[in-house]
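Take a look at the structures listed below.
Here come two complexes built around subunit A, the first alongside subunit B, the second alongside subunit C.
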Partner chain A sequence: MSGRDRIVLFTPLAILLTGWLVLPALLGLLATFTNYSPFTATVRFAGLANYATILSDPQFGAAARNIAVFTVVAVPLELVIGFGIAYLLRRPLRGRSLWRMLLLLPWLVSPIASGVMWHFLFGSATGVLDFVLGWLGQPDLQSPAGDLRLALPTAIAVEVWRVAPFVTFLLLPSLSAIPGERWDEATLAGASLAGRLVKVAIPSVAPLLLTITMLLVGLAFGTFDTVLILTGGGPGTATLTPALYSYGRAFGTNDWPVGATSGWLIAAGVLAAGAIYLRLATVRNVE
Partner chain B sequence: MRRFLAKALVLVAGVGLIVSCTSGSSNNTSSSTNFSGTTIRVVTFTGPQIAEPLQRRAPDFEKLTGAKVQVITVPFADLYQKLLTDFATKTNSYDATVFDPQWMGDYVPPGYLEDLTDRVQKDSSLQWNDIAPFFRDFSATFKGKVYTVPLDGDFQMVYYRKDLLQKDGLQPPATWDDYISIAKHFQGKDLNGDGKNDYGSCLAMKRSAQSYWAWISIAAAYLQSKGTKQGAFFNTDNMQPLTNNPGAAAALDVYKQLSKIGPPDQLNNDVGDSRGLFVTGRCALSLDWGDIGTLAIDPTQSKVQDKVGAVILPGSKRVLDRSTNQLADCNATLCPNAVNGVNHAPFAAFGGWSGAINKASSAKVKDAAFAFLSYMSAPKQSGEDVTIGKTGFNPYRTSQFTNLDNWTKAGMSTQAANDYLGAIKSSLQSPNMVLDLRIPQSAFYEQTALDQALAQFLAGEISLNQTMTQITNQWNSKTDEIGRQGQLDAYKSSLSITK
Partner chain C sequence: MTARRRDATRVLLLAAMLVVFLAPLAWTALASIGLLPDNSTRPPSWTGPATLEHFSEIGIAEPTFWQELATSTIAAACAATLAVAVSFFAAYGLARSSFRANRGVTQGFLVLASLPAMAYVIPLSDVLRRVHLLDTLAGVVLSEAAVTAPLAVFVLYGAIAQLSVQWEEAAVLDGAGLLQVVGRVILPLLTPTVAATAVVLFVLDWNMLLVPLVLTSGEIKTIPVAMSDFFTFERELDWPTAAAALIVSLGPVAVLVGLFHGVLDRFSLGAGTGA
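After this line comes the complex of A and B, so read on.
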């Protein structure tokens, strides 16, 4: 492909991204240094005041802590579970297509719908789980989403339920494409299950795993819809995330500068994860 | 007959035009005027509530007047911004809105809304004086002028299971202490005969939802005792928040106690959850707008038909004495509106969906828009709409609780209608009704600062004193940021305090 071809093919995307992503994002970044909002009569330069406001706000501190825990727990779980299911499905088995389709369902359910569904499934008195308990003569259980200690693990579990099958969907073609001889060789060499995973499976999908990890970290940093519906960020600040905080400030209380600033702090986190990904990918290519 | 009707219509339209030409565009706009060729763009939130009656009645209004009504819906979270942006940028895509009247504090001072004072007085079909005084004089009014036509009467009440209280010889709660006592009495008992333990009280306490209004409903009884103009949010002398005093502490204490007498996951329940629990017979008490009243008669979802009573929000025998900043027993001076020594302060949470007109629209469109709002609010139409649960409209006119026919037609027994409407009547007639906050950026004060602190308090993340300090500091900080004097003026204007 010539350089001219590359330019021709890339130009439509560049126009779209510049007009509808890069420019608005840069305008948003500029707004974080001002008091700008669509109905501000006079726009004033505010320096780093918006950043200072957010970084000194205990609510944002709680949101940052929650999302760190969320990411550190959810992403590895999504990778391990997604990889595990893909490993089990890598060989032809009866109904594999059906399994694949069923596995995609949680991902295809919109995060909002997922939040609504789990809110009602967990809900005491109205939830399906409690209906079953009642049928068995057991009293209502408190919804874990309403328990201060269990709310964040619950939000993580719902996200893992939604995302892990998507990881399976992405990994399955690569795992299925590993030649059968390689598995046979490893088995003949006496490799255990762990050995086969480390020596055969993981090296084959390592670049893809790295890309998926980057994707999952970005998704986790922006966690919003499911939690908004499931818990609204509560109880207290137990499930508050930076994206929820940003939404609340920008749209709940029309504090656009603070909303945009917290949005850019999330973007900075995603960009940092992207930089690490690029670094690791480069190192791997060099090796 | 048709020809006669057509002639009559032309005659009425002609008279209407003559009257409007002779007395100016602001006079006597009513649904009898001919507005053929006029399109009214009305924006409201994506219902189905609120939008439904507007959409359902728009064709009838068009037949009557010739005006086409285009109902534009946007999500509730976007409505405030859409309107403000549209007004501020002079885009003027909307001629009228059915909106949250709390936003008048942001829309009236810049001059975005049409002054309707003369129109409402001169439009006989609107029957302005049939609208309850609170909604007429406070909810629709800002700085002494009328800017909205009320379409909905939002205030909170307490609902109770009449059958259960009667069986156990208990009276409906008059005070918050009574409420707690009754809730404790029924907590853990089977209230609907399904063999499962049920709950004494069901409230919405979820974060980022509509829960903070329930706390204000409780706090109002302790904080406002001398009538609507006293205000329940700020001191009208200096704009100091009324959120760090023994009255606010008492309300927080009640709120915390109630969080433990109810469903196990009450902290994650929104109003939809608490309503669902109540109408399925799982709660002895609840606190809500008028919605439970109409949901409870819906045979498709209610297990408590004819078992529900309603009372004015419970009150308190001790209220905040602002001169000493201490709780004091009610007396004639401190609680001039007390009933049997109990200060009730029914809270008009949210304020009720109301119609307003864009001042920048053309004179003819403004006339047509007013005629449409007047048509929607007129006793005949609104009298039916407030009895239908899916409209989201609750009673706000005297005729709506004196005329029981619409209620019995909707499925309420006469006794249930009397109970429900009796609670509404006693709330609407209270001179101590509490007006919801209507100052610039009210959303920050309530939805952000108050909601966050209450959620943290209920979850045990912060103590009672920390909660009061946090709310007070955040409110003061926002007030100083916007301008204390300006906010004080806006607050006093919302309460129609002219001095």
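After this line comes the complex of A and C, so read on.
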């Protein structure tokens, strides 16, 4: 391939990504060391003042803790449930494509619509929660999204409901592509279900699981839409996320530099996870 | 365990999963046609009868809803097409360059695909304001395309890298130029993968909230932004109307996924990872 060919092939993507992603991200990074905002007349160097403001803000501390819990709980759940459904669907089955399509539906619901939907499903007058409790003869419950202790687990459950089907969708082609003989060999060798999972299924899709984990971690770190409607970050700061914090600072309280800086802290978190991912993924490729 | 009993167990487990995952959507669909539970009676009862009036109430609660539906469709279609087109060229370039680090570069695109938009959307809004693209369709389309292009590069790279180079070599011997090779040799071989990638990107763009939320201020409005407006400005909707709006917003992507169902398994992250 000639140099001219490369220019033709890479230039359109380079323009798109530079103009609408990389350049804004880097300008944003520069701005975090200043008092810059779209409305300031004079830009002054501010050193690490923005970072100091954020790191000493208990609200950001709460958001960082919440997102750590969210990621550590939601990502494994999404992987396990998504893998489980894909495992059930891996072999031919009557109506398999219909099963697959129906089980992808939750992912087609936008995160914001999912927040709206669960807001009402947890509400007492017409919700599914109190309907079931009513049949069991139990009294109505307050929405768990409004409960200080239950709000974060609730937000996690809602997100797992939406994302696990996407994991199934991503895993299924690779799981079904494992040759039948490999399952048969394992079965003949007397492997139990756990044995087949550990010896056949997981090794075959390990690099793919790593890639999906990277995407899910990024998705979890950026959690915004679902929580915005479901809890708005509350009660108190029980479900506040760094993305809600950044948005609130930049566009709610007009504290643009703080918002841009905490946005960059999310980027730093994802890039750190990305560095680990690149290491693991390239080690695998060398093998 | 016999094969038949194993299959029965599988179907049973899958049916249980289906109930868990689809019950919330079924509840919403029932509410949208006016079939609502009444939890104040013991045991809870259902109110009815079924009606379609909640779908017309959407237009009363949000007069521009149908226009927003059109905006969402156009924005998502343009962004997905643009992202897939530019990614296809770049993925071909990556897959066919001798450049030794290309696998690492491709994995780098996956990290970029994982980066939440919140990480850079605040300065992006400032950049777009300066170039007068804030609150324009072009601004939204280009930004959404940039968010999703890295994922498209990763998937398309994996598909192209698996193709044998013999077709291209034959075409080059026949005197085909670069664009002819890409357009007449590679693209026809990968039409299902390209279609699957475009559909997945369309779904991602259609459902995207943060990017259009921050980059628009009323002139251009997509469905997710309209939904967030309703709740953040405390104009809380009635549940049946909200449910109807939810079903309408889910409709186009569900139809699209249904139509392209046969090729969707070509959207594979596996090839890029070497799985």
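Definition applied: the second predicted complex is superposed on the first by the 270 of 287 C-alpha atoms of A that agree within 3 Å, B and C clash if a C-alpha of one lies under 4 Å from a C-alpha of the other, contacts with A are read in each partner's own complex, and residues count from 1 in each chain.
In this text, contacts are C-beta pairs under 8 Å (C-beta built on N, C-alpha and C of every residue); 3 or more make two chains touch, one makes a residue touch a chain.
Owing to the predicted nature of the structure, the values given are computational and were not obtained by experimental measurement.
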item: First (subunit B), second (subunit C), both or neither touched by A:G146; value: first
item: Partner chain(s) touched by A:A272 [first = subunit B, second = subunit C, both, neither]; value: neither
item: Contacts of A:F251 with subunit B and subunit C, given as first, second, both or neither; value: both
item: Subunit B versus subunit C as contact partner of A:A206, first or second or both or neither; value: second
item: First (subunit B), second (subunit C), both or neither touched by A:D225; value: second
item: A:G236 touches, of subunit B and subunit C: first, second, both or neither?; value: first
item: Partner chain in contact with A:V43 - subunit B first, subunit C second, else both or neither; value: neither
item: Subunit B or subunit C, by number of subunit A residues touched; value: C
item: Which of subunit B and subunit C A:G134 touches, first, second, both or neither; value: both
item: Common interface positions of subunit A, toward subunit B and toward subunit C; value: 38, 119, 123-126, 134, 137, 140, 228, 232, 251
item: Parts of subunit B lying in touch with subunit A, wherever the complex brings them together; value: 77-78, 80-81, 84-85, 88-89, 194-197, 199, 206-209, 263-270, 273, 276-277, 280, 282, 441, 443-444, 447-448, 452, 455-456, 458-461
item: Subunit C - residues contacting subunit A, complex; value: 7, 10-11, 13-14, 17-18, 21-25, 27-28, 31, 36-44, 82-83, 85-87, 89-90, 92-93, 96-98, 103-104, 107-108, 110-124, 126-127, 129, 142-143, 145-147, 149-150, 153, 178-179, 182, 203, 206-210, 214, 223-224, 227-228, 231-232, 239, 242-243, 246, 249-250, 253-254, 257-258, 261-262, 264-270, 272-275
item: Partner subunit C, residues of subunit A touching it in the complex; value: 1, 5-6, 8-10, 12-14, 16-17, 19-21, 23-25, 27-28, 31, 38, 85, 88-89, 91, 93, 97, 99-113, 116-121, 123-128, 130-131, 134-135, 137, 140, 161, 164-165, 169-170, 172-174, 177, 204-208, 210-212, 214-215, 217-219, 221-222, 224-225, 228-229, 232, 242-243, 246-247, 250-251, 256, 259-260, 263-264, 266-267, 270-271, 273-274, 277-278, 281-282, 284-285
item: Contacting residues of subunit A [partner subunit B, same complex]; value: 38-39, 59, 119, 122-126, 134, 137, 139-143, 145-148, 151, 228, 231-238, 244, 248-249, 251-255
